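Next come the structures, one after another.
What follows is subunit A paired twice: with subunit B in the first complex and subunit C in the second.
This part shows the complex of A and B:
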């Protein structure tokens, strides 16, 4: 399983990636939507964890573009906007069902990732 | 009793009306209104009344003068006629009788008898020679041979041809007067014929005259000695206390101020050819009595109308100013509420911004701490390992706590989609009390619910209503002592609004706190772990479902939260 973490808060996202790596997950990170798209050109990811609010290309927009390139890709959103409800409207409209509020608990993220990929695996 | 009559605005002292405070001086407005209207209404009334009183008084006085003058003139004429009639009678006697006939006592006695019978009033007759000696006398006294030469009246008779004397008391103490005429013979010699008249007839004439009220009509001579009896001013030959009227050709009417507020109206006339002055003296108040009665009636009418006008003016002014006062109060309250809600809105935006900005660094701290723990869990040989794990856990716990706060802060300011569905308020109340049932019974708090089951269903957000009620009840529980009493009540106020009240008998809220109670982080329970977000979130939620929330409280007597809810799903559209 290869995971790409995208967040403009590089300090945060790099630490998160490192912690995932320590849990034997192949995690890369980038600091913007543009870099993420660039990296997709020569890497294959099963899952992307995106921050909702980023300069230039926001999380939801980025999801659309990545999905356009690789439709089977899964997405988890992180938001600094507080609760789940807050994000629900915008995210569900765009087709994402998984979201986490910042600050993120690594255990929650791991569980969500398993859910997402499990759901994907169970799909025909 | 009187306190009930004092309108509410009377003791009002606005302290926070800001500019235009002058406009809020209700007492002043009231006074001005009452004064101006009263002036406009009452002053013309008084002017008219005064004018009317003056006109009536003056015309009454004129009428009285006329009446007195007429009466005096008439009486004057009657008296003049009375005296002249007798003088002409004497004149006729001397002209129609020869001196010898008159000098015959028996004949003269016959004449006196005829005069007494035909005219009356004659007491005696006498014939006096030019020398002054009375040669013949018929009458009750023995006056024959008496010489009048030195008497004033005799001299005057000689000069003027005739004479009428003042009244004097005769030998029988009866008032009399003398009429004398001088008769000249063709040869130039003359004699005087005199008669004494009983003034009783005079008095009869005077008393026959019409006298209105207690008018007093009498004769005086030019020295002010009464010639006929008067009712109030003395008997015959007494000195009149009033001044003798000045001479005038015609009848005069004038007033005498007695100094006792009761002036006298005097009509006076000099009776020609006599020493008599006819006087009619009347108390003016007596004459003016009918006028005074009318005036009293008018004054009474004015007093009653003035009272009525004042009552109406004061009533209307009080009512109007009260309406203005109530409207002003409403306005000030609305203004205050608007200020509060706009302040809360900006605090909300600020809080959301701060929360959002803090979330990112908070996430970094959380991750760094997480990583630290991860590393520690791999290499557990590090000295003081347990201590470090404890520190990291503490950091993580604090981050979680901060996260919870920012989440709630954002909740306060969040603008959410409004999830509308028909809700039943009674159901919600029961659900919420279900959560708190245990705490209530544990602390033996009596919860009284008065939410009619038949309250109409209305369209709102079920979850938010639940949270609002939960927060309010929680808040009330925190303010109450064990064994307290909580009331939850709902009423359909109008077709469009339902009013829900949560009333506790807890510690209450001080006035200073009341203004800030809906602000985020405002708490009075810091030592008991309050975050100060409960009521601010409640406030936000109520706004979101289009309602309003208000608090009334008194320290030590509990607080009442009143929520007004729209029944037509008035969610905030942002």
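This part shows the complex of A and C:
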């Protein structure tokens, strides 16, 4: 499993990547949507874990652009919104079915990763 | 049919809601970082229990990072507290520089998420005015939200503050790319009512893209007095 984590809160995302790596998950991280798109030019990822609210390119838009380049890629969103329901209301129409509220529990994230990658076809 | 106080109250509540939503989002990010740092420390402890030596330098980095986030969280909560207290008195003598800076801090994260940086050019000293602090915060917030909320291509919004005689002025140049929508906002009933409550005016040059808001130094005395104006 090769995972790209994207969040402008770089202390958060770098530490999360370190913890995933300690659990034998090949995790890279970047601090912006622009960097994520650049990284995709020479790296292949199975899954991206994206923050929803980021400068310039937000998570939903980033998912659209990444999916256009690699349709089989899977996505999980992380949100600092008050509740998952709040996020769901705004993002489900964009195809963002998988999400976690911050703070993220690493066991929940890993369970979700397994679930997403086992889900077969890419999201609509 | 809504009365004027209803409209003002609705605008204030809407602004309060936006600010608290933004703050809670930012606090969630602080908690998320603390959660990961604490989780990584737990991972290290678990590995140490299995005989792997602790990386003291990494632990120092993590604890420094946690202290930094605690400081960040404290600043957020202090700003929230200051913001909440601007609603304590319907009218009060307040520092315009502080009010504008507070509005900018409240909207900083939202603006940054939209790729907009907001800067305040202060005169280097307080600008004390007697006004309706919360109504003024609401109006400034409404304008900032509008400027940062659309894809106007404004990289930086620069807010200047100063006196013109007894009156205080807030000026924002460089808004040509959003002149049309901004002019529409300024012509809305909500903005007109907020301006009327503040006894303030806004001039906006569509061609030049410059906005200037003028406020009385003392709302109770009209446009003739400025309590904090430097001699």
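As a convention for this text, the second predicted complex is superposed on the first by the 120 of 124 C-alpha atoms of A that agree within 3 Å, B and C clash if a C-alpha of one lies under 4 Å from a C-alpha of the other, contacts with A are read in each partner's own complex, and residues count from 1 in each chain.
To be clear about the criterion, contacts are C-beta pairs under 8 Å (C-beta built on N, C-alpha and C of every residue); 3 or more make two chains touch, one makes a residue touch a chain.
Since the structure is predicted, the reported quantities are computational estimates derived from the model, not experimental observations.
Asker: Does the subunit A-based superposition show subunit B and subunit C clashing or fitting?
Answerer: Here subunit B and subunit C cannot both sit on subunit A without a clash.
Asker: Look at A:12 in the shared chain and tell me whether it touches subunit B only, subunit C only, both, or neither; answer first, second, both or neither.
Answerer: A:12 sits against subunit B and subunit C alike.
Asker: With the two complexes superposed on chain A, say which partner A:54 touches: subunit B (first), subunit C (second), both, or neither.
Answerer: After superposing on A, A:54 lies in contact with subunit C but is clear of subunit B.
Asker: Just to be sure I read the superposition right, which of the two partners does A:106 touch: subunit B = first, subunit C = second, or both, or neither?
Answerer: Once the two structures are laid over each other on A, A:106 reaches both partners.
Asker: Quick one: classify A:22 as touching subunit B (first), subunit C (second), both or neither.
Answerer: both
Asker: Choose the clashing stretch of subunit B with respect to subunit C from the list 343-351, 397-405, 415-423 or 505-513.
Answerer: Answer for the clashing stretch of subunit B: 343-351.
Asker: Need the overlap of the two footprints on subunit A, from subunit B and from subunit C, as residue ranges.
Answerer: Comparing the two interfaces on subunit A, one with subunit B and one with subunit C, the shared residues are 9, 11-12, 15-16, 18-19, 22, 80-82, 101-106.
Asker: Residue numbers of subunit A touching subunit B in their complex, please.
Answerer: 9, 11-12, 15-16, 18-19, 22-23, 80-83, 85-86, 89, 101-106
Asker: Would you mind writing out the residues of subunit A in touch with subunit C in their complex?
Answerer: The touching residues are 9, 11-12, 15-16, 18-19, 22, 53-56, 58, 78, 80-82, 101-106.
Asker: Per the contact definition, I'd like the list of subunit C residues that touch subunit A in the complex.
Answerer: Residues 21, 24-26, 28-29, 31-37, 39-40, 43, 47, 62, 65, 69, 112-115 of subunit C touch subunit A in their complex.
Asker: Show me the residue ranges of subunit B that touch subunit A in the complex, using the header's touch definition.
Answerer: Touch list, subunit B to subunit A: 355-356, 359-360, 362-368, 370-371, 374-375, 378, 399-400, 403, 406-407, 409-411, 414, 416-417.
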